[in-house]
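Have a look at these structures, which come just after this line.
Consider the two complexes below, in which chain A is the common component and chain B and chain C are the respective partners.
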Partner chain A sequence: MEEKKLFWSLYYGSRKGVIFTLDIVIAMMILIMGLAVSGGLVLKSLDNDLDFLQASLIGSDIAFVLEEKKVFDGLDKGFINNNINSLLLDGFEMDYRVECDTIVMQDTNLPNRFVVTGERVIVTNDLDYCIFRYWVWPK
Partner chain B sequence: MSVMYEKGQVFSLDAVMSIVIFMFLILILISSWYFYILRLDDNVKDDDLQFKTFQVSELLMKKIGYPSNWDNTNVQILGLVSNPRIISATKLQEFVEMSESDIKERLNIENFNFYFSLKDYNGAMFVVGSDFSEVGTKPGIGAENVFTLRRIGIYGGEEVVLEFVLWK
Partner chain C sequence: MKKGYFYTLGFFLLVSVLIGLAFLISKNSLESKELFSEISVIHGANEIVDSVGEGFGRIIELKAGINIGVSGADVFISEDLPNDNDGDFVVAINDYENFFKSGGKGEDLGVTLDVSTITSTLPFKIIPHNILYTHSNNFGGNVISIDASTDSNDPKFGGYAITVTTTSIIGSCSTSGSTSVVYLKLEGSGSSGSSCSVGSGSNQITIKDNAGNTLAQFIVSNGDLTITAQNKITVRVLFENMDDLAANGKTEVVFDGNVITLDIPDFNIKQETTANIL
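Entry: the complex of A and B
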């Protein structure tokens, strides 16, 4: 017991010590980085996606109107392009591809990012069944 | 060898620092948690408004309504078209003649405000009966959540843009 009390009273110079170990620093850094990354992911997932819903609706609406106006009858690329350009709403872009038995026609220059896509089966003047594929994205 | 027994007070600097760091981390955790909760809550409300905007635009553009030849005295389910995306002049006129509160009730959007318009590709409205082809209230400066969907359809053989805005 006396020896133990001796240790209590040991005095090493006049400097006080501060415990600041590396593992605590690393643990704090990991915690803060984890919070920042998870926060970033949460906020990114909450981004407004109404633009993509609007793009999807524009695509299906335009496909319908083009067929209703019999734009696909002649399978004329220039005529189809003109009609799409006149129907496309401001702030959006659209590419397409028409696949028939023998003819494949396309005007695709897709951006390297998320785009909305859809397709519609169309019937031409010659009673060919074709697939009209489209891609729409906000500018 | 003489040993001095001094009385001491345990109050080390490292304990104080650890408490400060601990409190700092707890503060960060609580504030970030609170921030995420607020954002999620806003997002849920936005999703609801966005979904309703989509549903209404689909209903107006693709459904004939009930009864199929409805007018503003007997309408149970709204729908502006005779065939999907082909807008009926009669139904459009009945629709714009309805009161804002009746439309809200039929569309189940009583808690929100809305604005509807039908324009040609030059941005001009149509005259239907004694009204223009619009109904509702445009969102003001203080409007918090505004969701707009535009649909493309055919009216009188001409391509038109239907705009539906839902806002708080």
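Entry: the complex of A and C
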């Protein structure tokens, strides 16, 4: 027994040191795991909610302005596109679809990710009753 | 031995605090996401309702031959009396209603319109004073009734300034009675340069042509105005000096009564409202 004790002391120096090192390794592992879990949760929380809220407001504001400016009169796709481009903020993209009884026009190239959507009823000067559906997302 | 134990315990506590804070942030974020979703749904619902109201306003502008506007503390409504646009207007309104019905392009919006009063008396309400402007013999008839619901101690506006245009030759504008709660003024212009003008001071004015035939009659009683046209005129009713309008800028003209119902069961949204047309 005494020989064994001596062997350990000679080979590792001191058992205190071994246990102390193991403690640190375990503690560091716990710390790293904790940091990873915390970091993941925090990063997930920062998942640009504000961008999407802003996109939602931008979309509805643009739809409102287009209607107030009577941009849909004549249902001219080029005219609608020009007006949207002049109103849309940098950093955002917008697609739309206008559905009337006889005419359906669209400019859609939606990305494969979360986008904000909205819709608005519009009445043109020719009394076409239409739905303006739009999608907005941060670039 | 004890030192290592405390190090481990210290790290463990530190990590527990970090994870706890991260969970709080994550939970808060999830709640924000839910709130954002709710705001988006409510915002979307309001956008639909507002746009349906704007649609009504557009139909009135294009088909009813009625012009409504606000200028400072004054609000005006003008139209022909009798109004010959009734037929086209009713067709347009019925088409608009059908747009939201089954088979219409707008059926998936969850909107239902009640256009019964719009196609009959076409009543407008001026907010914030709840002044009711209606066509008592149905839109297209020859009578406009204005229920101002004025309080003699606190009238909501100064009075009515009427402008009448006619293709007849105006012979006279006769007056009777005296100003009560609100005043009544009138400017008339007819063909061949004929005209008449009546300042405040009476509560009843009758316009006659040069042959003595009555063209129209204007009577104010307890602040309410009734306009009856015997011949075709264009009449512009100006509500002058309305309280608060210039100050708070919240003037609205809406239909009297709820005309729009929005029902989106998936989001538990049911909303009945009038249409804001100005």
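Keep this in mind: the second predicted complex is superposed on the first by the 93 of 139 C-alpha atoms of A that agree within 3 Å, B and C clash if a C-alpha of one lies under 4 Å from a C-alpha of the other, contacts with A are read in each partner's own complex, and residues count from 1 in each chain.
Criterion: a residue touches a chain if its C-beta (ideal position, glycine included) is under 8 Å from a C-beta of that chain, and two chains touch if they have at least 3 such contacts.
Worth saying up front: this structure is predicted, and the values here are computed from it rather than measured.
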{"item": "Most chain A residues touched (candidates chain B, chain C)", "value": "C"}
{"item": "Chain B versus chain C as contact partner of A:Ser86, first or second or both or neither", "value": "first"}
{"item": "First (chain B), second (chain C), both or neither touched by A:Leu53", "value": "both"}
{"item": "Chain B versus chain C as contact partner of A:Leu110, first or second or both or neither", "value": "neither"}
{"item": "Partner chain in contact with A:Leu31 - chain B first, chain C second, else both or neither", "value": "both"}
{"item": "Which superposed partner A:Val121 touches (first chain B, second chain C, both, neither)", "value": "second"}
{"item": "Contacts of A:Glu99 with chain B and chain C, given as first, second, both or neither", "value": "second"}
{"item": "Touching partner for A:Ile62 - first (chain B), second (chain C), both, neither", "value": "first"}
{"item": "Touching both chain B and chain C, residues of chain A", "value": "16, 19-20, 24, 28, 31, 35, 39, 42, 46, 53, 57, 64"}
{"item": "Parts of chain C lying in touch with chain A, wherever the complex brings them together", "value": "1, 3-5, 7-8, 10-12, 14-16, 18-19, 21-23, 25-26, 28-29, 32-33, 36, 39-40, 43-44, 47-48, 50-52, 54-55, 58-59, 62-63, 92, 95-96, 99, 104-106, 109, 111"}
{"item": "In the complex with chain C, residue positions of chain A that touch it", "value": "16, 19-20, 23-24, 26-28, 30-31, 33-35, 37-42, 44-47, 49, 52-53, 56-57, 60, 63-64, 67, 99-101, 116, 118-123, 125, 127, 129-131"}
{"item": "Residue ranges of chain B in contact with chain A within the complex", "value": "3-6, 13-14, 17, 21, 25, 28-29, 32, 35-36, 39-40, 43, 46, 50, 53-54, 57, 61, 84-86, 121, 147, 149-154, 159, 161"}
{"item": "Chain A to chain B touching residues, read off their complex", "value": "5-6, 9, 16-20, 24, 28, 31-32, 35, 39, 42-43, 46, 48, 50, 53-54, 57-58, 61-62, 64-65, 68, 86-87, 89"}
